[in-house]
Every structure is written in structure tokens, then in C-alpha cells.
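Chains: A, B and C, in written order; residue numbering restarts at 1 for each.
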Amino acid sequence: MLSLIYLIAITAEAMTGALAAGRRRMDIFGVAVIAFLTALGGGTVRDIVLGRYPIGWTQHPEYVLLVVAGGLAAVLISRYMRHLNRLFLLLDALGLVAFTVIGCDVALGMGYHPVIVAMAGMITGIAGGILRDVLCNRVPVVFRRELYASVSLLVAMLYLGLEALHAPHDWNIAASFAFGLALRMAALWRKWRLPVFAYIHDHH
Amino acid sequence: MLSLIYLIAITAEAMTGALAAGRRRMDIFGVAVIAFLTALGGGTVRDIVLGRYPIGWTQHPEYVLLVVAGGLAAVLISRYMRHLNRLFLLLDALGLVAFTVIGCDVALGMGYHPVIVAMAGMITGIAGGILRDVLCNRVPVVFRRELYASVSLLVAMLYLGLEALHAPHDWNIAASFAFGLALRMAALWRKWRLPVFAYIHDHH
Amino acid sequence: MLSLIYLIAITAEAMTGALAAGRRRMDIFGVAVIAFLTALGGGTVRDIVLGRYPIGWTQHPEYVLLVVAGGLAAVLISRYMRHLNRLFLLLDALGLVAFTVIGCDVALGMGYHPVIVAMAGMITGIAGGILRDVLCNRVPVVFRRELYASVSLLVAMLYLGLEALHAPHDWNIAASFAFGLALRMAALWRKWRLPVFAYIHDHH
């Protein structure tokens, strides 16, 4: 089940990455690279930081082909994608929770401290979007929009808390998705944002 | 022979990296860092992604000194470099093919799947230029100009195909250079580009 | 003693990172991420490049909490921080020397060549600031301002030179701090800069 959600999520992330590349008028090769990094970049950064080799997608070339195909498909259907905006926000939220839970599981299995496990979950959830934005030459949106990275952190904390209480794994996964999706959707609907720090005393 | 081409290529890449730094009015230390990353960054990213330690240049400090010297030399002769533009485009194309072939060889030797081997070749070929552009705060040109990253992909596919057919290694290398150089030069001369994806329905 | 300076330095770096995030109007989550990367990103890049696993902060979750707390504290006292500008320039200089010396020690202990050891010192000293600037979408200041990266290089060379002469370790550390702090402070006071390479013959 989590595997299926993962495949749907990386495809959806690849498609939104492709649109970001299109806003920068990249060629279709650039679209494919940005789609790949948006979808699989978070897991790549997590594996490098945790020292987990071989890196996930290097053992699953079918994931690479899937996300590249997803990115190129987004080019073909781009004129319809704005009508699918809500669907993609939902799939993106699914992906955020799935990536976070998977990232926590990987770090738990390697015996890292709970603080590091939560960070591994967040890195998996948000680093792909950060790489996408850096390569598209803009300040990462995950640091400025409706609750996003913080949803990942709270999901990680809930997941680790329930694990510590020895909750059944399936229930824990279900609770994480229910909580994470509800929080992210509510944040989008009510435009919840974290406080912004605007520092203007700049003497540099 | 491939070693000699490699040394020429990293020096040429370092020199073009230095010019990019000069367009951002960096100091000579910044020039040296950008020269280093442009020349050796692709191999570094490849080694990190494949988990190949120790990373290449850490065992060859003479490469580091060579590319830094190349970058600083470019500063000294910068006023003449625009007259050498065609020479540097040729050296850059040589480097693209050499990096791609070397990257494929590294991943082949580690037993990765052919899809990952081709990606290792491309990463080696293009990641240095991407790092250069990110640090110079611009959208990577490899995603927007005349065929470049796609030349790397096609060279990797040709190289892997000939390897699979058990072609003699020297012939395979020669064919890769002949094909890659011809394609890149033709793309520059005829201004061949991949289709661009311009996405303007942006409601963010 | 070096450990204490290290803790002070990562906290100070986190606080200056937070101000950079505030200039981009990030939310407090973005502030925490930039604070973390500014303070601990240099050591992370060094460990990844040298292949030193597990990465330092993954074994010290208290460092992660310290730098995040430092970043958030900077938000609270940001209106006073410009009055503390000189203090933070001093703490930043302390951190630059401490990071450089620690980075050299790590690479020395792994048996790398002196050129690579000096690079490990510099990477530890400057990569955090580079990551901060890339995520804040600007050209890294370490390549353009008063002597900074070059102070790190000279400190690394002095430190390695005294090590090679079998100077007592404490004396070596003391000499590195005295030299590095004096050079950085003099550079700030006298506005010493490296020559800038401004390349304007841009035909791209």
C-alpha cells in the first residue's frame, strides 16, 4: 500500500517539477532532470546524509524511467494541468506524508537518534522541492508558503511517538496519513502559514 | 590517450568556469573555487551518488592544482579568450565526451544497471556546469542551449550499446568521440536545440 | 577549549544565517533550516567529500537543537542584532578559524594528502556560508567580500606547516587563532580584498 502511494507520489512530484522547469523555459532535457530531482532528490540527499549505499533509485532504474516519463507527460498535458490543480495539491500532500514516513523508517532501521530520524523524514519530504527551486534559481517555496515543511516535521514526530508507544505499524501509518493530509489540506484551505521573519535592518 | 584528453578537458573546463565567475565579478579566490567545481564537480557528484570512495580528486591533488592554475591563467589571458571561443567550444565538447565515457566506465566497473550507468556518464558530463551556474546564481545553461546534455546521453547509449556488442574498447572509445564531437559541433553550427517547454499558466 | 569555541561558533553562525533568511522573508521553519545549514553545512559537505560516516551532527543531536535554537533566538533579538554587529563579526572570525582547524584535523586523521587536508579545512570553513547564500538565491559573499576564504586557506597552510614541524599541538592551535583572527580583523578594518576578476566580454 505504502509502495503504491510512493509510486503515485513520485510521479506526481515529477509532473509538478516539470511545470516549474517550464516556467523557466527549459528544454525537454532540463524538464526531465528537474522532474527526476523533484521526485527522487529528497531520498537521494537522505541516503547521502545517512551514508546509506547504494542509494535507493540506483537499485530501481524503473523509478528513474517512471519519473522521467511523468515529467515528459506533464509537458504533453500541461494545458490541462491547471484544471487539475487541486488533484495535484492532494497528490503532493500524499507524497509529503509518504516520503516523511519512509524517511523515518530508513533512519530508524539504521539506529539513528530520534532527532536525526525526524530530520531524515523531513529531508526526504522537502529536499526534492528545494533542489528543484535552487536549479530553477528561486528561493525555495517550502520556506515561504502555507504549512509544508512543518507538516513533515509534525508527521515525523507523531510517527515516532506512536512507534515509541508500540502502536501497530499499520495503524501508525494510517494515523500519520490522516493527520498529515488533514493538516496540509486545512493549511491550504485556510491559508495557514508560519510566522514570517522579515529582517530589513540590512547594513551589508 | 583518454587520460591526456581528460587533463586537457579539465583544464579547459576550469578556464571557462573562471570566465563565468568573472561575469559575476568574483575575487580570484571565487574564480579558483568556480574553476575547481566546473572541472571536477561532475566527477565528485558521480562518486558521491555511486558511493565510490575515496573521491577521485582526493587521490590526485595534482588535478586540484592543475584546475586552479587553469582558472587563474584564464584571468590573465581573459582579454584574448574571446578570440579563442571556437577552440574552447571544441575543448568543451572533447571534455563532455571524455567525462561521459569515464563516468560510464566507473559505474560499469561497480556493477550498476545500464540505466544507472548512463546516468553516471551524464552526471559526470554535466553536473560540473550545473554547480558552476548555481553558484553564479543563474539557471543552468545545459538545460536551455544547443544540444549538450542530450549529446552526453546519446554518447552514453552508444558507448553502452557497443560495449554490450563486445566491440573492442579502443574502437568503442573512438566511435564515441567521433559521434559525440560531430553531434555537438553540428548542434553549435546549425543551432540545433531540443524543444523548449514554456509553461505560462502560472497561478502561484 | 576548541570544543567550547566550536559550540560558540556554530551558535553565532546559526544566528547570522537566520538574519540572511529574514532578508528573504522566510517563515520560521525556513529560518531554522538556513540556521542549521549555515552552522553545520560546512562540516556536512566535508564529511561527505571525505567519506567520513556517520556524519558529525548525526551523532550529536544536541548540536542540531542548539543551532536551531540559536536561529530562532536571532529572530527574537533581531532588532538588537545590528548593535551587536562587531561582536558577530568577531564570533564569525572565531568560527572560521575553528572550523578550518577542525576540518584539517579530520582529514589529517584519515591520511589524506596535505593539499586535500587544506581543502578539507577550507570546505569546513566556507561551505556553510555558500549553502546559505545558494538557498537565499544570491551569489556567495565569500567569493566577493573582504578576505574570508583566503584567511581559511592561510590558516590551514600555517596549521599544516607547524604540524609538519612537530610544533606542540596547543601552540599550533593558538598560533592559528592568533594569526587567523588578526588577519580577518585587519581585513575588515582596512577593507582588504582580493583582486576582483570582472569579465565583461560576454558574447553568450
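Operating definition for what follows: a contact is a pair of C-beta atoms (placed from the backbone, for glycine too) under 8 Å apart; a residue touches a chain by one contact, two chains touch by 3 or more.
All figures in this text were calculated on a predicted structure; none of them were measured in a lab.
The rotation relating chain B to chain C, fitted on Cα atoms, amounts to 120°, rounded to the nearest 5. At the interface between chain A and chain B, two copies of one sequence, fewer than half of the residue numbers in use are shared by both copies.
A separation of 29 Å divides the Cα centre of chain A from that of chain B.
For chain B, residues that reach two or more other chains under the stated contact definition are 48, 134, 137.
Every residue of chain C that touches chain B in the complex is listed here, in rising order: 48-51, 112-116, 119, 130, 134, 137-140, 142-144, 149-150, 153, 193-204.
Residues 18-19, 21-31, 33-34, 44, 48, 53-55, 58-59, 61, 64-65, 75, 78-79, 81-82, 85, 134-137, 141 of chain B touch chain C in their complex.
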